[in-house]
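Just so it is clear, A, B, C and D label the chains in written order, and each chain counts residues from 1 on its own.
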């Protein structure tokens, strides 16, 4: 038996002026836009496409973000965001991200986000698709189960 | 007889890191956030309050922006945005803005925006409030009427 | 004799949540990020690459923006920004942009930006590259020369 | 003997259109701008004023952000960001934030950020001001010392 699939995504971006600040490097908030692009395309791959969801009034929402800034990126840098479905619970899931700069193989940013799916405008949480349990059995977690330390807290600066 | 009122607003902001870029000055897009704050408060004063409008599904939308960047502002600068209702038509109106830096009285940015009011989700234009004609008779313009050159095109760099 | 080249660019983007606002459509400021991406790549094509310029402390800066919002775009829309070098003066140049939605061929936004090149931190204007005069003779304008009306003011909503 | 001072800050903001997204609520990234304003003013109070620092080429930089989204905020909401210096190490410090909506006393967002001070353009870390040890002895932590669980992980949704 082989390991079941783990959904991943990789998206590219180039640092623009509006991503930087006057310290000469990419502003900390800009990485969250880069990550949102990767997250959105990964969600689409998981059956949560932007258009379909918004038409039904359901949206994946970020419930928690953890982000570690490891090295600065600069104007013009070409970056790749790698996203991976990390774990799933009954109504929530975690995605991990790494932002890398292929030119020197630098790890720029590590991040994890917990998401749930809500129905608007009531903001009512919706259960995750049932087939996720059979598609991703290796990623199932019980709520609030402790994750390995290395996952919870990426290495520090 | 005195001139009828011309609605104005003045809002203050301090330049944050996220407003600047790696050229060391405020990024051109950031000023449009500063201006949106002033515009929103001026709209509220005109009876188009954020909360009430969004509950009714009607929104003032920007149809055109003209903005001239006169002098750079920097991290930590305290700026004031002065907004003024410039003219009104049947279903559209113009607001003018000046962003100034009181510490040296510098004019940083000049801008004008044309707005109309639309009903969502159909995006259908809505007529301006009827009492605007009596409140602001001195600001009435016929559609596409040419404005004085000095108003259309602020002085150049 | 044939017409000399006119530099153009086309960049693609997909509308993300962070591009939209609670009126359900793309926020007016977001288009200026889309346009900056196109402008940056067009500038690179013109010999003003991001990396090289910032290392020399010279930057193309936006001196004026005009932007007309023609139709709303929505979450998930795939948009194309078409940029074109419109005219050049001694130390300034204009670029025009159209944001289109290929799926229904809708024109979403029209814009023009005037740029100059400055040397930081003194913010001193720098003359445009000399070879632009020979490469783009058909785009030369005398300062403040009136452009055809259709160019100055795109058709209104 | 009384407890030494713990620096705190409270800043107000009103939710603008550009802070929201098409799910009808404040976008997750927007809160990080709200928090940056509070952080910047708290840093100023701690002797790290924006202007002075950028002139010396030293900047406080965010090394890690943790943020929990507890309840949605909406267009027009008036929010208060409460910031507090949580702990200090030799060259890093943590600030905690709560974003609240006074109108219904709702807790909207909880966040913590770890910062260090770096000297640009080398991106070299700089030791924290020496007087912090005597001003804030109750906040001193040894590097990587485990914090009480309630501080590390705010209550979940």
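Basically, a residue touches a chain if its C-beta (ideal position, glycine included) is under 8 Å from a C-beta of that chain, and two chains touch if they have at least 3 such contacts.
For clarity, every value in this text was computed on a predicted model and none was experimentally measured.
Each chain gets a centre from the mean of its Cα atoms; the one farthest from the centre of chain D is C.
Between the interfaces A-C and C-D, more contacting C-beta pairs are found at A-C.
Averaging C-alpha coordinates per chain places the centre of chain B 22 Å away from that of chain C.
Our note on geometry: chain A versus chain C, Cα centroid distance of 32 Å, whole angstroms.
Chain geometry summary: the mean Cα position of chain C and that of chain D are 37 Å apart. For chain C, the set of residues that touch two or more other chains comprises 17-18, 22-25, 29, 33, 36, 54, 59, 74-75.
Considering their complex, residues 22-25, 28-29, 32-33, 36, 54, 59, 61-69, 72, 116, 120-121, 123, 144, 156-157 of chain A touch chain D. Of all residues in chain D, only 17-18, 20-25, 27, 29, 74-75 touch chain C in the complex they form. On chain C, the positions that touch chain A within their shared complex are 14-18, 33, 36-37, 40, 49-51, 54, 59, 74-76.
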